[in-house]
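Take a look at the structures below.
Next come two complexes, and both contain chain A; in the first it sits with chain B, in the second with chain C.
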Partner chain A sequence: MKLLTLNFLTCARRACKSSADAFPLHPRDVELEIVEAEPNPSFLSNILPRLEWPALVTLCAELGLPGLPGEAPEVAELTAGEDGKGGKLAEDLHRLLLETTVKEGALVCGSCGHEYRVKEGIANFLLPSHLV
Partner chain B sequence: MSRPEDHLPPDLFYNDAESRKYTTSSRIQHIQSSMTHRALSLLSLSSPSLILDIGCGSGLSGSILSSVAPEDGGPHVWIGLDISESMLGVALEREVEGDLFLADAGQGVPFRPGTFDAAISISAVQWLCNAESSEESAQGRLTRFFNGLYASLRRGGRAVCQFYPRNEEQKRMVSSAAIRAGFGAGLLEDDPGTKSAKTYLVLTVGGGELAG
Partner chain C sequence: MLPTPSTSHASFDNVYEPAEDSFLLLDTLSASSETNFLRERFGQPSSATEGTVDSPQGAPLIVEVGAGSGVVLAFVNAHADVLFGHRHILTLGTDINSFACRATRTTAEKASAEAPDGHGNFLDAVNMDLTAAIRPGTVDVLVFNPPYVPTAELPNLSQHLQYNTYNPVTGNSFEQDSHLLALSYAGGVEGMETTNRLIEQLPEVLHPERGVAYLLLCAQNKPEKVKEHIRGLGAGWLVETVGSSGKQGGWEKLQILRIWRAGSPRAL
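Coming up: the complex of A and B.
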């Protein structure tokens, strides 16, 4: 699962819908894997304004990944530079959001404590019926 | 035609043998791919988008979303949900580019509001009309699904769900659940009245610009 996806994923329990702690889910004992992907600059520009930047900063800290700027960059910065490709910032974001993936481990809800297992990159979000 | 959803819940029906059969049958692949292209054209996305695929199975539709050329507004990034572990296993073997979730869309859509530009669902929504235990109802599952889907799409977003309604009543039940969730909804039928009739539920979220 791409780290991009983690920036949108919430706890699936209805009881957690209104809780501010149900997002972001917290990684536990995760194994990361880099899966190379073609750069997609227009996609990055599209998704950047929709990211929860503080959640991304928290996630990087929890995973021990190199620090991000505290403030979200502007979309214009992604197309800056002589070649219009945004240079290192665009490369770093591509690497972090679209190529860094959670391969194994768990994602934990900060509100109810429910643990979602991730196996071979696939997260199990099936809830037993009493938790729906 | 016997309908698999009449007999078994999808996670039981699509066991390993069925999943492989579904993914390797060239006839099914061809139908699935033409329905995906039809759904994509109804979404009319003009730039690379984040798309939710409900009932993504082995990722046949997803592979198409990943390979839309830049001049046609792609490639798109997708996240797929499916209730069948063996279908997802096949997707894994095929090394699809989208992220995969083992999840039951009838339990809701676990993404924060405004996540997706668009959503697509090919031949899956009729499964939501099955209630597998006495604790849930088909109506409840449809409501949770469409409410979740509506919230997870951005303003101006669209969803296209191709499905096989059992009858007129089920068609009505599905579209009215979508409308109650807040969607603008239209039903489109290709080749109506024939054996190859296809039903598409085209859903729009009001507000914001329509162009992807």
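Coming up: the complex of A and C.
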């Protein structure tokens, strides 16, 4: 699963919906895999307004990936330069959001501690309470 | 006619095979009345060449709940340029059946590869109950082809975790596949037990201004009663039938509701 997907996911427990600690989910013992994707600076600039930037910074730190700036960049920075490709920041974000995937491991809720498994790139958010 | 995504890789022993209801969703979402609505609401992406942003809201997130084979989500993603007027959309599938999640991922990736100049950005298929793990307020367009067949009871979920897992030694048992398939069609009382739960989730999961949902119903679901339920979610909820097929004794056999809130930012 792509790291960008984590921007839209939270703990599946109802009680955690209102808790600020339930987002972002925290990766545990994950195996990452890079899946190359075609760079598209214009697309990146449209994703930027959707990102919870502080959560992304946290995620990067927890995965031991190269740090992001503490403040979200301006959209113009992602399409800057003579070639309109935005340089290193755009490259880094492309790699992080669209090419870095969680292949195996777990995602942990910071509020209730529940651990969700990821297998072969598919995260499982089924809870025992859904299943009775 | 836009091409229908291939689902030939899916096992229809445990994943719902695309049928009349799936195709009605494809036809409805690509009809000019709906593409006009979607383009009006989610059009005008930022342009790389000008380096300006016309759309501070950013790329819309499209979520198909219970995506099954993934044929509908793959279609929306592959033909983003036609449906939304631009390619800057994000698409995500959910399903309670992990085999369906796998099928959806493959269907979406194959359909994208066959539409190199028009597809959006498929994110993932995630194994969950309805929208359980979706962050509140993030969904711009939700699509649901529910288990709508009236049945005496819903599938028993007590063994779901075992049935949801592939057994590489024995393969899937008949009971396992029957259970997984039943989840795609068995709707309980009036065929509405699962759909009613989804309707109750709409106010929370949809984006508070832009959010719109497309919901398929069959005649036995009592569509007029369902519309009343939706209008009763609160002030400003709107619902309209935007697609239908298969007249039976004067009644539409299947229909698609568009559900949204008054006061869309662009319509005003």
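Operating definition for what follows: the second predicted complex is superposed on the first by the 129 of 132 C-alpha atoms of A that agree within 3 Å, B and C clash if a C-alpha of one lies under 4 Å from a C-alpha of the other, contacts with A are read in each partner's own complex, and residues count from 1 in each chain.
Convention: a residue touches a chain if its C-beta (ideal position, glycine included) is under 8 Å from a C-beta of that chain, and two chains touch if they have at least 3 such contacts.
A quick note: this is a predicted structure, and the numbers were derived from the prediction, not measured.
Placing chain B and chain C on a common chain A by superposition gives a clash between them. Contacts of A:10 after superposition on the shared chain: both chain B and chain C are touched. Looking at the shared chain after the overlay, A:1 reaches both chain B and chain C.
Touch criterion met: A:125 reaches chain B and chain C at once.
More residues of chain A are in touch with C than with the other of chain B and chain C. When the shared chain is aligned, chain C comes close enough to touch A:84, but chain B does not. The contact surfaces that chain B and chain C form on chain A in the two complexes overlap at residues 1-2, 4-5, 8-12, 23, 42-43, 46-47, 50, 98, 120-127, 132.
The residues of chain A lying in touch with chain B in their complex are 1-2, 4-5, 8-12, 14, 23, 37-38, 40, 42-43, 46-47, 50, 52, 98, 120-127, 129, 132.
Against chain A, in their complex, chain B makes its touches with residues 47-50, 70, 75-77, 79, 81, 83, 88, 92, 97, 99-104, 107-108, 110-112, 114-115, 117, 133, 135-136, 144, 154. Residue ranges on chain A touching chain C, taken from their complex, read 1-2, 4-5, 7-12, 17, 23, 41-43, 45-50, 75-76, 79-80, 84, 98, 116, 120-127, 130-132. Those residues of chain C that touch chain A in the complex are listed here as 45-49, 51, 53, 55-59, 61, 87-88, 90, 92, 96, 98, 101-102, 105, 121, 123-129, 132-136, 138, 157-158, 160-161, 164, 204.
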